[in-house]
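In the two complexes below, subunit A is the common chain; its partner is subunit B in one and subunit C in the other.
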Partner chain A sequence: MAGIRIDSVTKSYGGLAVLKAFSLDIADGEFVVLVGPSGCGKSTMLKILAGLEEASSGKISIGDRDVTDLAPGDRDIAMVFQNYALYPHLTVARNMGFGLKMRGTDAGEIDRRVNEAAKILGIDHLLERRPRALSGGQRQRVALGRAIVREPQAFLMDEPLSNLDAKLRVHTRAEISALHKRLRVTTIYVTHDQTEAMTMADRIVIMKDGVIQQIAAPDVMFREPANLFVAGFIGSPGMNFLKAKAEAKGGGATAKLFGHDVTLPVANGGALAGKDIVVGLRPEHIAAGPGQVSFTVAPRLIESLGSEQYVYVDLPEEHRREASAGGDDETRRTSLIARLINPEPRPPEETLTLSFDPARLHVFDAASGEAIR
Partner chain B sequence: MPRSAFLDLARPSRRHWLGYLLLAPAVLLIALIIVYPLFVSVDLSFQNVNIARLDQPRRPFTTANYERLFASEDFWNACWVTFKLVTIVSFFCFLLGLGTALLVNNRFKGQALARLLVALPWAIPEVIAVVIFAWLFDSSFGLMNWLFIKLGLVDQTINWFSSPDAAFAVVCTVMVWKGYPFVSIMMLAGLQSIPEDFYNAAKVDGARAWQRLVHITIPSLMPVIGVTLVLVMLWVFRDFSIIYVLTGGGPLKATQSLSIMTYEQAFGFFKMGYASAIGVITLIVCVIASRLMIARAPDNI
Partner chain C sequence: MRRKTTQHALLYAGVVLTCAILVFPIYWLVVTALSEPSQLRQLPPSFWPAEPRWGVFGQIMAERPILLWLGNSALAAIGAVTISMIVSVLAGYSLSRFRVRGGQSLGLFILTAKMLPATLLVIPLFGIFRNLELIGSLWSIILAHATLIIPFTTWMLKGYFDTIPRELEQAAMVDGCSPLGALVRVILPVSAPGLAATALYGFVLSWSDYAYARTFLTNAQGNWTANLGITTMKGEYISNWSDISAASILVALPILAIYLFLERYLVGGLTAGAEK
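Now for the complex of A and B:
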């Protein structure tokens, strides 16, 4: 096991830069998740780390070894692929032992390690089968097993859960976390699913267009998103964004929200005066009934999940942000979602009083998108 | 207007009728041009016929053709020649075909042109190919003799078509040249259906290029290899025009395969009953060989 150091790695295809100066230090035994929308460069970064693609510039070390220009097989890493890449002509046992066999490990040792890994994953009864005779979940375990058997310095996982159905995905997610706690092998996990990132990661690296947006522990990322993109990406449903103008008042700053002057939770309020800002408010921080800042709305739609309700409200015109080119979808821009926990049943046509705590607000610079605290 | 329930072929219960209806023309054609002659030749092989005519009365049943056949030295010679041809030509077709397929499966500039060139011999009619090669191997003017002498491999011209071994080698060369593009095309199709991630996973697992070929590429190609092998073997087995135009079966019957022998008996000596017996044996051998091949192809993909 070893830490991994990625030092300003870039990658471009012709004129198209898909990775811009990616730097990351991963501690020994850490579980790091790279997350972002498709095309953000996360899979490319993983392939570069595995040695399947060449970095245009930059340096990668695993442990104390510089591996930047080392063949994949010499990096002592194991990778789990999205489609598992199990060899159909080999049995489960030989699939798992393939890497060891290629390295010339003797047969007895391969057997011992394959059996051990199979026991950990609960697939010891499947060892003589071929991959096509397995279910999706079982194949996924075999793919994990193939990685474990090698006892590598690090695991690289490329969206390993995306081919599973929703229920199995939740289950396997927990299993991978448990496996990581048990083996303590440095793991880099790529996904586009923020829930996987939140639930599994020690640290999340969130990327967009080849640029790291923020590196933080899941809770920190949820509570203190660095910019509008991170705020919108982490959390489900995503954060509500309201356009507003900051005004100076006393030492702090206020903004007019739903007709109220609301004090913004920022340190240096005076500097904000007159600036265009975007105020972020998480759906779960909106409560039913009157509170510190209350407003009355006519819900457009109420979705009930039993334990919670999603209330969709049309945003007043002055709070709507400009439609960005190819950006968020129209309903997110024009509506506010409130997530009410343990709600009482209510008819959709009834007007509703909602409220929020101004301390829970997030403030972003409208021009740059950066968070202001 | 309600359609008649009986004639409505779109109904689920009538759908198989439509299938049979659409199959009928093909089945009729096959019956007419393949199955019927097959039965006729099996029938002929059990009669003492010289020139077969359908309007003649049947001759009495006899197994004399087969008895003569199995006692004939020429027949066993032809079997041996055919066996050598099938083995050698199939082997080199696969070697060249797989090799070229692996080459043009890579991404490089001019890949489309390279693929075209690899497939080119396949597009050339057999007889034309043979005439070209006959000139290449011509004993007085041929390029090959000149080349061999220049390279110092031989010190006097080889008379390619009068030495049994040389003639056999030339026939093999032409057949390999003509046959490998088919293998190459089939292998290329097979190669492109292997997921890229198999190779990525193998690379991460530390497999070298040779190990990836042996452990990933070849096993993944097995189903295609099985089918291709059968088709190539059958092609060599029954190919007639290359040998006939190149050597006519000579010299000293060194290149007389079963199909050449069949032709010679039927249209050279007009012993159609005897020729039919050879044809029937050829058919049986082909059927058994291809059954074995198909059964041997692993069913694990």
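Now for the complex of A and C:
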């Protein structure tokens, strides 16, 4: 086991820059999740780490070895692919033992380690089958097993759960976490599912268009997003964004929200005066009934999940942001979502009083998207 | 319900008709072989000889060195296919996997090579082989057939390799294989159906050649291939079509046997289970 250091790695395909100065230090035994929308370069980064793609520039070390120019097989890492990539012509046992065999491990030792890994994963009864005779979930385990028998310096996993159905995915997610607790092997895990990122990661790396947006522990990421992109990506449903203008008042800053002058939770409010800002408010920080800042609305739609309700409200025109060229979801732009926990059943046509605590607000610079604290 | 039955009936009628068209020449070959030569021209033709000459096969094998011809054909085909497979596996894999500058035009170039008719190359090849002193040697047709087979098989194999997920060899490389090791240990075993189909194709191409054998081997009786040998059974004034048909059947049998043997590989489906 070893830490991994990625030092200003860039990657371009022709003129297309897919990764831009990607730097990341991963501690020994850490579980790091790379997350971001499709096409942001997650798989590319993982392949460069594995040695399957060459970086255009930059340096990669595993432990204290510079592996930048080493072949994949010499890096002592194991990879789990999204489509599992099991060898169809080999039995499960031979699939799992393949990497050890390539390294010249003797047959008895291979047997021992394959059996041990198979027991951990509960696939010891499948060892003589071929991949085509396995279910999706079983194949996924074999792919994991093939990685763990190698006892490598690090695991690289590229969306290993995305081909499983929802229930199995939650189950396997917990299993991978447990496996990591047990083996403590440095793991880099790629996903575009923010729930997977939040539940599994020691640290999350959020990427967009090949650029790291923020590196932080899941809680920190949720409470202190570095910019609008991170704020909108983490959390489900995503954060509500309201366009507003900051005004100076006393030593601090206020903004007019739903007709109230609301004090913004920022350190240096005076500097904000007159600035265009975006105020962020998480759906779960909106409560039913009156509170510190209250407003009355006519819900457009109420979705009930039993234990919680999503209340969709039309956002007043003055709070709507401009439709971006990137095509943010239009309903998301024009509505405010409140997530009410253990709600009273209520008829959708009734007007409703909602409230929030101004200390919970997030403030972003409208021009740059950066968080202001 | 009724519509479905009609559709089925039409479908089967189509299948039966196609089979009949395909099988009839073979059937007629058998009828010709088993008939007395004198009965061949009778009108109306007989659809099965009254007294089939089952002894004809033994008789022509005694009269002509048919086994030697078959052996030469087999040697030539095996040699040509072996060379072709080695070259086209490597070429097809490279075309499928590596983005080389000009790779696309290289691929197209190979494609054009396969559009040239074989007869166009006979004369230049004759010149080359004469310089190499290969005229009369089986090597001449082995190499000549390889030039015919390789363009086809390279494209067939490229197409087959394209269907195999790249992650398979990436997994092998992470597991410690070199690129060539990944090809040999993972990609080739997985490609068995594609390799079988391609090899068979090359074998048939070589086996059915006449033009090259006629040009390069005519003066070396001991190296005659089956197709060349059979044409010598056709006399200048009289031809015993029954004997020629019987010999043709003997020449077709090995191909039939290989088809039956390779059938289970040809069906494919071996990649099932690699993914998801």
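Here is the rule we go by: the second predicted complex is superposed on the first by the 373 of 373 C-alpha atoms of A that agree within 3 Å, B and C clash if a C-alpha of one lies under 4 Å from a C-alpha of the other, contacts with A are read in each partner's own complex, and residues count from 1 in each chain.
The working rule: contacts are C-beta pairs under 8 Å (C-beta built on N, C-alpha and C of every residue); 3 or more make two chains touch, one makes a residue touch a chain.
Worth saying up front: this structure is predicted, and the values here are computed from it rather than measured.
Student: Applying the document's definition of touch, where does A:N163 land relative to subunit B and subunit C: first, second, both, or neither?
Tutor: Only subunit C is touched by A:N163; subunit B is not.
Student: Quick one: classify A:A133 as touching subunit B (first), subunit C (second), both or neither.
Tutor: Touch partner of A:A133: subunit C, not subunit B.
Student: Touch test for A:V279: subunit B only (first), subunit C only (second), both, or neither?
Tutor: neither
Student: Touch test for A:R103: subunit B only (first), subunit C only (second), both, or neither?
Tutor: In the superposed model, A:R103 contacts both subunit B and subunit C.
Student: Just to be sure I follow: which residues of subunit A are touched by subunit B in one complex and then by subunit C in the other one?
Tutor: 50-52, 71-73, 77-79, 81-83, 85, 87-89, 98-99, 102-103, 130, 132, 146, 150
Student: Residues of subunit B touching subunit A in their complex?
Tutor: Answer in residue numbers: 195, 197-198, 200-208, 211, 215-216, 219-220, 222, 298, 300-301.
Student: Mind listing the subunit A positions that touch subunit C in their complex?
Tutor: Contact set of subunit A toward subunit C: 47, 50-52, 71-73, 77-79, 81-89, 98-99, 102-103, 130-134, 136, 139, 146, 150, 163.
Student: Over in the complex, which subunit A residues touch subunit B? Could you list them?
Tutor: Per the touch definition, subunit A meets subunit B at residues 50-52, 71-74, 77-79, 81-83, 85, 87-90, 98-99, 102-103, 130, 132, 146, 150, 156.
Student: Flag every residue of subunit C that touches subunit A in the complex, lowest number first.
Tutor: 165, 167-168, 170-178, 181, 186, 189-190, 192, 270-276
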